[in-house]
Amino acid sequence: MTLIVNNLNVHHGAIAAISDVTFTVPQGELTAVIGSNGAGKSTLLRALSGLKGATSGNATWKEHNLLKGSAEIHVRHGISHVSEGMSVIPELTVEENLDLGAIWRRNKSEAQSSKREVFALFPRLEERRKQSTATLSGGERQMLAIGRALMSKPELLLLDEPSLGLAPLLVKQIFEAISNISKQFGLSVVLVEQNAMSALQIAHSGVVLNLGRVVAAGKAQELISDPAVRAAYLGY
Amino acid sequence: MKSLHRRKLISASAILAVAALTVATVPANAFSPKYEVGVNGSEIKLGITLPMTGAASPGYNKVPGAMKAYFDYVNANGGVNGRKITLVVKDDAYVPTQAVSKTNELILKDRVFALVAPLGTANNKAVAASVNPGRRGVPVLFVNTGFSGFADQKKYPTTYALLPSYVMEAKIMAEYIKDNFAGKNIGLVYQDDDFGTDALAGFKQAGVKFATTVGYASGSQGAATAAGWVTKLKAANCDVVILFGVSSATAAGLGTAAALKYAPQWILGSVGGDATTIKASGVPAGVLYNAVGASFLPATTDTTDEYVSLFSSIYAKAVPGSAFDNNVLVGMNSAFVTVQALKAAGGNLTRKSLLAAIDAKGSTFASAALLPLNYSATSHVGYNGYWFGKYSPTGDLKPDGGKYTLYTTDSGTGAVVKSTYKRPAMPAKGLPN
Amino acid sequence: MRKINNKISNKTRIVIFLLLGFVIFLISNRVDELRVYQGASVAVYVVGIASIILLTGYSGQVSLGQGALLGVGGYAAALARNHWHASVPLTFAIAILAAAAAGALLGMAAARLSGPYLAGTTLALAVGLPSLANQFSILGGEQGLFFDVGAPPQSLGADFTQYKWFFWIAALATLIVIFWLQNVMRSRYGRTWKAIRGSDVAAELAGINIARSKVLAFTLSAGVAGLAGALLAMTIGTVSPSAFPLALSFSLLTGAVLSGVTTLGGVILGAVTLVAIPEIVASVVDRLGASEGVATNLPSLLVGALLILTVIVLPNGPVEQFRSKQRAKVKKSH
Amino acid sequence: MFEFINTLLIGITSGAIYSLMALALVLVWRSTRVVNFAQAGQALASTYFGFEAMKHIDNFWIALLIAMIGGAILAAFIEMVFMRLLLKHTSSGAIASVAPIIATLGLLEVIRALITLKWGGADVLIKAPLSNTGFSIGTHTLVFSPMKLAIIAVVVFLLSILSILFQKTNIGLSLRASAFSPELARLAGIRVDLVRTFGWALSGATGAVAGMLLVVNGNGSLSPASIEFSLLLISGFIAAVVGGLDSLLGTVIGGMILGLSTAFVLMYISDSLFFIAPFIILLLALIIRPQGILGKKGGRRA
């Protein structure tokens, strides 16, 4: 029960966005993927969730080939992707956004209990369940996006820049929430972040991408203490 | 330099394409100077443009079939001076641009001898201006429009009107109203273009006072607009309403009025009074009952009429299952007059001899109409009058009192008088001699 | 590409156009009257299509109502000729100005619209505008107005037909317009429009006044359409609402797509196709002996199908497709 | 006064039909972000399906149902065959933004030509199931008839069903999500392609009802070149734009505005403005409220 990515290559037209990326995420662990803007982090997640076709390589989750089939199929195998930038639909209400996450689930009473769990995690969402999503703050939207992902009862959560555009205090809250969720539900998480330090602090392991290639990988603590990584990505 | 090369290549290939197209489709002009264009030892080729498709086509699209039916009948009986008539039909969808290009094809590519019964006022005007059959000497026989201008021989030297003009119709209608509906409130619905304004001029000259007049834009007629007409007519308390528009407008007016339980005495203009077309567009025959209508041809149900009985039997054989209606009768009558004109032009048929023959003998041509033709060296006016009748419960127009009372007048200031014309007997077997 | 293109000097292009004119002149003397008339129709279509290419291909705006602008030009020409007895060149100039003015108005409304909104607005215009002729009696109602450019000058000889005269006028006007349009496309404006077509946002960042550029494109395009309308009115001798039906707008758009909206190079292709299709269909139907219904419906069926097919298979038109292949070849060989 | 009431009733009935047509356009717009100019052609074709059905079963309401099914199948077919190909091939390039518009115009031509080939150009009749004779108040007879009442009832019923479908069901949620954000919809496990096809089918069925009702609102005649159908295309589009293209309620309001204002212009100003009136309404709408009655700001840039 692991995410195994092996020699993954993804192209945008003729340009290589991801080259020979290899890493694994054991079950229940949180892996942070860090790197500067344009390093290919988002493309990596999009390839894993089926939004973007890969050129070559392997990626499997529990024997399920992630490079075959599309996003709407993967979600049925327990993969939830929160894409970049407040991944919610502003035209819908809060509750509709959540219901959307469980729309493919046949068992509606299970879906209801998922919703209760999400509301327990983010009480703010319950308060605003009937409101239009457009009225939510940035932090609330990010909570809603994660909540929506949880509604599809995931086992592997792919999170793309959850801290983007949030105030520092909120960033801290979001990372705490992610860490808690991961532990509480025993989720595997791939967390893509520019906010490298915060991400590595809650992660078990980390992968550093540069220009689409893995330039460093290992335990999160080791990366934090690696002088090269510190200098290039952690800012001190 | 590469792109210059390519540009040249493209231009050159485009020119080549045009040239190839041109050469490929130039007809082999194998006509010999012995005969006029469109005529040879065994054939006379005629052409017609009219709407076969599109909004204006219903009803009229039966005309070419009717004409062909009669031409084929003549062909089967020895033809005209030994020649068989063929009719080339082009659809102009009632668009002037199309009428011009199709007429050009008829004259320049199909090389017809003459145009017969081309339909539509705007289309005929455009054709006259661009193709200019007058200058080319191409006869335009018996145009299918009542616009009075086409009888103007100076402007349209090779064009012959056939239908009585809209001015005549309005003047005669005014006379009928004076005789039958004096003192009533009269309403008028007319098409707001030359067709309608021709009529308005006629009514004005005859001194008809309207309680209200409703002009509609051509193409706007329908259930939605007709509700407006009816509301206005009702508001003006009209007891008698003249519908002087095309069939679809007449149908819309009658249908909507019935829905609004408004039942004045209707008077239908000849253009829009075709019962088959009105019924085909959903108006029950009962609504037509007792409406007043006008025609210059015998009633289509009058089987005692020798022309109607012969024409309907020819048509039934040629186009089985199609109703014999006024459009068919108009078409067959045009073909009948055409055959006489061709015959009168003699064995050495040329465009000039045809025009001369119509000018000289046109007024003596036999035809189904109950009025004479008025062709002469100085006039291209066709028929000049109408009879009035009422529609039966099944929607057939029948003359008042079972016999035709004919009124006649001109497009100018002339008075309306009862016609004394006696239609000559039909030539044996309906074949002009 | 642009660099190479710029190397062709104006002089060379003038020579090419003069040559082209000479070839056209030669052809017009060889073919019969029907071909000459069709040639004039092709010229009308070329100008009409060019007006769409200017608008859609170069500034990325779509107009489904070009037929209405042709109508404005046609009516302006007829009014100028009938009421002020303007000379023929002046008549055409008035047609261009009147249509350009209408285009500027439309452009101002259109500058804030894009995609389907613009398409629908111009479509509504195409349906609505010609019927205005019924509202004002000076426009002659449904029967329209005559428009007569007069007989060919005596000096051309007695055999010189009216249609050849039409064709000469139309061909000359067409050559001038295409030459001028090519210059415009190469100018600062042309580049500006291309930038807007690429991306509104990027163009705005580059300091381009988008609204003004779009209005300008609309104005010029309408002026060219107005000329096409005057030429059309010349070839049929009249203007009337039914001469500018919705089908005309659709035909021109089809011609533009077949030509490839991004380049003027293929414009003749689209125009010839439009004129040739009904005739080809007619001859095929004649040969196969199909019914009249088939004969009258096949052209529009074919045009529609061709339109869909081109958009799907050759969205930039055959000429552009050919060019980009050439470009790829050039690149490879380097 | 009587004139005024009649005009009002004419406007409401035609407004109801315009609303339906606009709704059909909006359904496609919301599922594919394409304004489908072939919609009027599809409605016409569906109405002919209804006409064929009437020949066999002499019941308008069953024919209406068959027309709806026919319209839905036709629309689904168009989406699956043409639109998918189109969006795949012209996602970039100079005319990417206008390619779908042009293609749907091509489709309109093709559909119309095929209809004329199959059924000919002449009028055919569809018998109205209810009387078109107006209700009487004292000596006055209204334009309003049992048939017109039924037309409004059908439109209201259909609108209610659709709004329940959209607001209260998972299918509706999928449709809305796919429209607003196809990518997020896919991430939520929605088969967006299928949902799109469904959106088109729904729109086809709605357009079929508009077509059938249009015919019985008039005198029951139907022909491929009918002016009413060309007008339906324009009116539907204008109603949709006036309403804001994205909102169901806005669509209904837009349809009513158009129906009423056209009726009043015709009655009180001039018949000659029949074709130009909708255009003027559109221009006014664009100037006064560029985002549509219920649309959001900036919504015109699609």
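Residue numbering begins at 1 within each chain, and the chains themselves are lettered A, B, C and D in the order written.
Assume contacts are C-beta pairs under 8 Å (C-beta built on N, C-alpha and C of every residue); 3 or more make two chains touch, one makes a residue touch a chain.
Bear in mind the structure is a predicted one, so any value in this text is a computation, not a measurement.
> Going chain by chain, each one touching the next, work out the least steps from subunit A to subunit C.
Between subunit A and subunit C, the shortest chain-hopping route counts 2.
> Which chain pair shares more contacting C-beta pairs: B-D, or B-C?
Answer to which pair has more contacts is B-C.
> Report the chain ID whose CA centroid sits closest to the centroid of the full protein CA set.
Closest chain centre to the overall C-alpha centroid: D.
> Specify the chain most distant from subunit B by Cα centroid.
Farthest from subunit B by mean C-alpha position: A.
> For subunit B and subunit C, let me know how many angstrom lie between their CA-based centres, rounded off.
Once rounded, the distance between the two centres reads 35 Å.
> Report, in whole Å, the distance between the mean C-alpha point of subunit C and the mean C-alpha point of subunit D.
32
> Averaging only over C-alpha atoms, locate the centres of subunit A and subunit D and give their separation in whole Å.
42
> Counting only residues that touch at least two other chains, what does the list for subunit B look like?
52-53, 192, 217, 219-220
> Can you list every residue of subunit A that touches 2 or more other chains, as numbers and ranges?
none
> Mind pulling the subunit D residues that touch 2 or more other chains?
Within subunit D, the residues that touch at least two other chains are 116, 121, 272, 274-275.
> Name the touching chain pairs, would you?
All touching pairs, sorted by chain label, are A-D, B-C, B-D, C-D.
> Which residues of subunit D touch subunit C in the complex?
Going by the criterion above, the answer is residues 29, 34-35, 37, 82, 85-86, 89-90, 93-99, 101-103, 105-110, 112-114, 116-117, 120-121, 230-231, 233-234, 237-238, 241, 270, 272-280, 282-283, 286-287, 290, 300-302.
> Of all residues in subunit B, which touch subunit D in the complex?
Listed in rising order, the residues are 52-55, 57-58, 61, 192, 214-217, 219-220, 222-225, 227-228, 231-232, 235, 251-252, 255-256, 258-262, 280-283.
> Considering only the defined contacts, which subunit B positions touch subunit C in the complex?
So the residues of subunit B in touch with subunit C come to 1-4, 6-8, 10-11, 14-15, 17-19, 21-22, 25-26, 52-53, 89, 91, 93-97, 100-101, 104-105, 108-109, 121-122, 125-126, 128-130, 132, 135, 191-195, 197, 217-220.
> Could you list, by residue number, the parts of subunit A that touch subunit D in their complex?
Against subunit D, the touching part of subunit A is residues 49-51, 70-72, 75-76, 80-81, 83, 87-92, 96, 99-101, 103-104, 148, 152.
> With touch defined as at the start, can you tell me which subunit D residues reach subunit A in the complex?
Touching subunit A from subunit D are residues 170, 173-174, 176-177, 180-181, 183-192.
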